[in-house]
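Several structures are given next for inspection.
One chain, subunit A, appears in both complexes that follow, with subunit B as partner in the first and subunit C in the second.
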Partner chain A sequence: MATIRMKPVKTPDLFLECFCISPDVFAGKTPTEISRLEVREGKARNELGDFFDIAGSSGKTAEETDIFIDGDCSRVKYIGSKMTAGSVTVNGNADMYVGGWMKGGSIHVRGNVDSFCGLAMEGGEIQIDGNAQNYVGCAYRGDWRGMRGGTIRINGSAGNDIGTFMLGGTIIIEKDAFIHISTHAEGGTVVIKGDVQSRVGGQMVKGDIYVFGTIEHMLPGFKEIGTVDKNILGQSMKFRHFIGDLGERHPKKKGREIYGNLYLRAS
Partner chain B sequence: MPKLITQVGCPYCGASCDDLEVLVSDDGKKILETRNACVIGSEIFHHATNPNRLKKPRLRQPDGSFKEIEYEEAIDYTAKALLNAKKPLIYGFGSTNCEGISAVGRVAEKAGAVLDNCASICHGPSFLAIFDNGYPSCTLGEVKNRADVIVFWGCNPMHAHPRHTSRYSIFPRGFFTSRGQMHRTVICVDPRETDTAKLADMHLMVKQGHDYDLFNAFRTVLRGHKIPEEVAGIERAKILEVAEKMRNGRFVMIFFGMGCTHTDGRNHNVDIAISLTRDLNDHTKASIMAMRGHYNIAGPGQVWSWQFGFPYCVDLSKGTHAHMNPGETSSIDLAMRDEIDCFVNVGTDAGAHFPIDAVKHLKKHPFITVDPNICMASEISDLHIPVRIVGVEEPGVVYRMDNVPIQFKKVIDGPESVPSDEELFDRIYVRICELTQTEPIWVHGKAPVPASTSRVK
Partner chain C sequence: MAELLIKNGFVVDPSQKMNGDVADIAIRDGTIVEKVGSDAKVIDAKGKVVMPGGVDIHAHVAGPKVNAGRLMRPEDKLFKSPNAQEHYRVEMGFSIPSTFKTGYDYARMGYAFVMEAAMPPLHSPHVHEEIHDTPIIDEAALPVFANNWFVMEYLKKEEIENTAAYVAWLLSATKGYGIKLVNPGGTAAWAWGLNCLSIDDPVPFYDITPAEIIAGLIKTNEYLGLPHSIHIHQNSLGVPGNYKVTLDSLKIAEGVKANNKFDREQVMHSTHIQFHSYGGDSWANFESKAKEVMDYVNTHRNITVDLGCVTLDETTTMTADGPFEHHLNSLNHLKWANTDVELETAAGVVPYVYDKDIKVCGIQWAIGLELGLYAKDPSRTFITTDHPNAGPFTRYPRVIKWLMSQKAREATLDSLKYCSKVIDATDLHGIDTERTLYEIAQMTRTGPAKALGLSHVYGGLGPGLDANVAVYDLDLNNMPTDPEEIEKAFSRALWFVKSGQVVVKDGEITHHGNKRTVWVHAKVRENHQVTRDIQDKFLKNYTLGIGNYPVWDHLAPNPYVIEVDGEA
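Let's turn to the complex of A and B:
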């Protein structure tokens, strides 16, 4: 494995759009070539090297390329977006679209991320040590095909719209979430280890939601059907099992309707 | 002899009434009387002939005062400010015609700006819901002639759209609704007892911020499932009664407003309202409509969707394609995150409507207002450019809240030398072309050059 090391040297006036910070783009390029890649600040065209010191070496393919950014990227968008392999590590915060449309490989942000982390993700792993803002693992506007695969783990808390239109994959929020979990979901798993305020599973067709803490307001479209023992993320626990959203359409399998599952930890 | 002009459009609220009559003086300069308009509509016509109307742009001086300048100078200033910025934002269009809106589109594309309209702080969430879930809507004419169950959810037309109820939704006698109000059941869902709620046959006083839960309850009931004893502060019996009313209606019409789009969940409140409308169509005919605020605020959505493929929050800074993602490219988010370095406020009052922190960020950079009137935004601007008032001094196409285009008239002449929004932005466009030494593809008043010939040199 070869590593490209980047160190932020200049903070942009506005926000930097770096579609290029991805092992797929860096693979096979020298640090000099990488520093000449285009980044955008609104309509201003700049080079990656204007904002980062770039050293180390890249692998021949994305798979063999690791990227390590040593510093704060609070004003850098699209880190690791569309990547298919390799890894990106940010030793600090990152802005919007971390791992957006990602297909493979791994991303590790040691700070917080802004909104749209893992937007329309298809595969790979994202690990955020801090908090995430809104739209974790959500679909792009108007797309009914949201996150399809991969894993997103937020060690802190997250805002609203987690896994909207989700079809597959796993999202784990270690702390609390605000509102709208798995809205319109047709698959996938969301685990909230803390509390959620409300609107869990609204318009949900299929999929699983686990809440370890409390749900302040339960939607009327969810019905409790019993308790179950489940082993989730290596922990065995007793859950109250709800099905829903009963207000939404549901497909049938062998003549029986399939519902979304909401597992709320039994106290 | 004073002249009576009929079938005049009202450039105020989203009801876009087009049955006004305006009496103007002999010389065509003064408005003597307006008929059929409501109080707020009438006011906009009389406001136009206010003797204190501005007739020249005003530029902020180093000592903080305003100095009147010529239009040429204001056009040059705006063109340069847009070109010098890395990410300018052009926002507004609550009160202008589609001609002006499309002229601004050309300027924004040329200047690589972000283009956004008042929907961003109003019915923008409705757009998001429509992208996600479709829009089973109709025209207000269909409402008038067919709807017998009217639901006002989180909107208060008695104040915001005064003639909406008399022209379209409650009182008018239509083809299948010949007994007017007697023919209709009016249901109001609002946490407050508004004047619309007082007028309604049923008022559901939903707990603030729990609209989504209540929509969910209606959907669950309509699918034959049980719901809890109480949802969103409303008793089960009441929910069942209203659900029954809707199911038995011949044509259910749901109107929704800011109570849905600007409480927690925003687009999801509208999204589930759309799902409910779809569900109701299993039982009867149902339709849904956003209570758009201004007379042509549906206009930018129409024009830009045609020009760029997106109705609002259109980021044209890439130069190669339009990018839209509200939450990122929406005015308030851009301003709050300090992602804008030049702001042009057109036909609205961002000074009054934006959060104070957003305005503080925008104020660090050139801040320009294009508006006929003095407003909070104009008073904090670096440059204020007055224009003619659409619907009073300038004709044009407007889109009513049901997306029906209407040709509005002009009733009096505007102040001499004051341009329309369209003229002003076309001149800014030409100035940008001069400054960037590029060929304009559009010159005001001339037929556009076909793309194929403009490329051949």
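Let's turn to the complex of A and C:
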């Protein structure tokens, strides 16, 4: 393994669009070549090296390349987007679209992330030590093809619209979430270990939601069908089992309709 | 005087029966002339193909439904919106490109004129604002008439003269070009949650049939002597077995002769015929009836068609055929927009993915090409994709490639998941016809210009015509063996001269051109009855006053008005 080390040296006035910060792009390039990669700040074209000191070495392939960013990236978008292998570590906060359209490898942000973390992700792992803003693991605006695979773990809490149009994969929020969980989902699993305010599973077709805390307002489209024992993330618990969203179309399997499952921890 | 000389190209211009003759094209002040002086700027076209600027007879490029598509599909722009380049504006989108991208992409393909195929009259100011915002290309728009309360009420009583007076008034009020019919009667029925799936299904409340609306509007069109014929999207679009409805509708034109001073010969233009050439009675036994439909078209000279080729892309469907969009939404469960346009029409928008792994999509793709290959008269059969309904207009070069190369068709056929089922349901696999450059020019230039009654402006390189000239990187004597080279050449013109101005060089935009809006002013005798009826409906039924209805002149700042004397 080889590591490229980046240190922020200048805070952009606007926000930097850094599609290039990915092991796939860095692989096989020298620090000098990497520092010349184009980044956009609004309509202005800049080089990555204008904002970061870049040192170390990259591997031949993405798989053999680690990226370590030592500092604050609160104004840096698209870190690790579309990456297929290797790793990115941010020792600080990051802006929007961390790991968007990611296919493989791993991302670790030691601070907080803004919105759209793991957007339309297909595989790999994202670990956020702090909080996430809105749209964790959701589909791109307007798109009906959301997260398909991989795992996103937020150690803090998250905002609204988590797992919108989700098709597969797992999202784990260790603390609380606000509103709109798995809206329009047709698969995948979302686990909220804390509390959720409302709008859980709206227009959900398929998929699973686990809430360990409370849901302040349940949607009327969900119906309680019993109590189940489940082992989730290594913990065995008793859950109240709801199915829904009954207002949405549902596919049939062997003559039986398939619903979205909402498991709410039994008190 | 701005003079330009395009030298030594292989000129392919069916309007002058030139099939690759090496010749010079001389241009002065935006018009093609016999010759120019020795100071003229010279473009060396030696070894390259020179064609008149393209003419698109049917595309949805401006107006509220196009914009609704843009609004509801931000994902259509994702990774398909290059950052702004030096000489031009930001371009956005794929199936519903921004106005700038629309103008630029047509220009890059060497197109000079585009017909917006369905203008809701009430929203014509929006249509014209967008047309105005689209650079380079000349455009016109067809207002929709076949579900309009005035039209249905007049035609029920067979009042052709009154219908004509109303049509003439509306063309002027909306700066429209001709008479468009979309699902005659069916869209009006949609207001009751119904549809007209055959030409004899009565329209609820109006007590008139689609057949009567079609026949009445043909008569009206020829009564007025408009440059274009009626332009019809028939009933039962996209439904298995609909080819019978298509043939029934085409037969309405039998025996009718064109009456106009614009060299137009047809009395009916039947659009995106691919969507109307379906056999079977369900998606399970869905099959092509391209041969049956084209056999009829081939033997009836007073009909023209455009193809509406499926390009196997993710796209956005949009039509004034409101009930069809509802039906489509129930099939694919994606996003759906629906609107009612007061006394006039309706519209719907639904995204659609023509997936190579779906049998029906493969068959639709094959039907479009079969029609283009079965056509005996390429100058009556035009290349379109019903943009963006069957695919984006930027795929015309790909459609051209498929029509010109059996090898290219077979390669695509092989890439379909249900290749053998598509072969069973269509004839495409057995067709070895390969269209020539001359025929492609008939299908994209001369033919559509003539059908629109615009052959005195577009579609040719004869002296006196508007100087729209495209130079393509194709050597007529040494055509590429790799069909991809054909697609590449037609995607990016080496040069494109629009109204005498060089707007594209090496496939890149160099100038924003001198865009015009073309519309028809039909003069008719004063008709007090119709004037009263219009005032009455604006008082009783419309949500706006008549004074706010017509398109203000400043919304169409560079008009090219075609005068028609409907009194004569």
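Everything below uses one rule, namely that the second predicted complex is superposed on the first by the 267 of 267 C-alpha atoms of A that agree within 3 Å, B and C clash if a C-alpha of one lies under 4 Å from a C-alpha of the other, contacts with A are read in each partner's own complex, and residues count from 1 in each chain.
Just so we're on the same page, contacts are C-beta pairs under 8 Å (C-beta built on N, C-alpha and C of every residue); 3 or more make two chains touch, one makes a residue touch a chain.
Computed from a predicted model, the values in this text were never measured in an experiment.
Superimposing the complexes on subunit A yields a three-chain arrangement in which subunit B and subunit C clash. In the superposition on chain A, A:144 makes contact with both subunit B and subunit C.
In the superposed pair of complexes, A:43 makes contact with subunit B and with subunit C alike.
In the superposition on chain A, A:134 contacts subunit B only, with no contact to subunit C.
Number of subunit A residues touched is higher for B, counting subunit B against subunit C. Superposing the two complexes on chain A places one of the subunit C stretches 238-246, 364-372, 400-408 or 544-552 into subunit B: stretch 544-552. Note: residues 40, 43, 140-142, 144 of subunit A belong to the subunit B contact set and to the subunit C contact set alike, using the contact criterion stated above. By the touch criterion stated above, subunit B contacts subunit A in their complex at residues 85-87, 112, 128, 131-132, 210, 212-213, 216-220, 222-223, 225-228, 231, 264-265, 268, 271-272, 275, 279, 317-319, 324-328, 337-341.
Considering their complex, residues 13-15, 40-44, 96, 115-116, 134-135, 140-142, 144, 160, 165, 179-180, 183-184, 198-199, 202-203, 217, 219-221, 223, 245-248 of subunit A touch subunit B.
Looking at the complex, you find that subunit C touches subunit A at residues 72-76, 78, 83-84, 333-335.
Against subunit C, in their complex, subunit A makes its touches with residues 40, 43, 140-144, 249.
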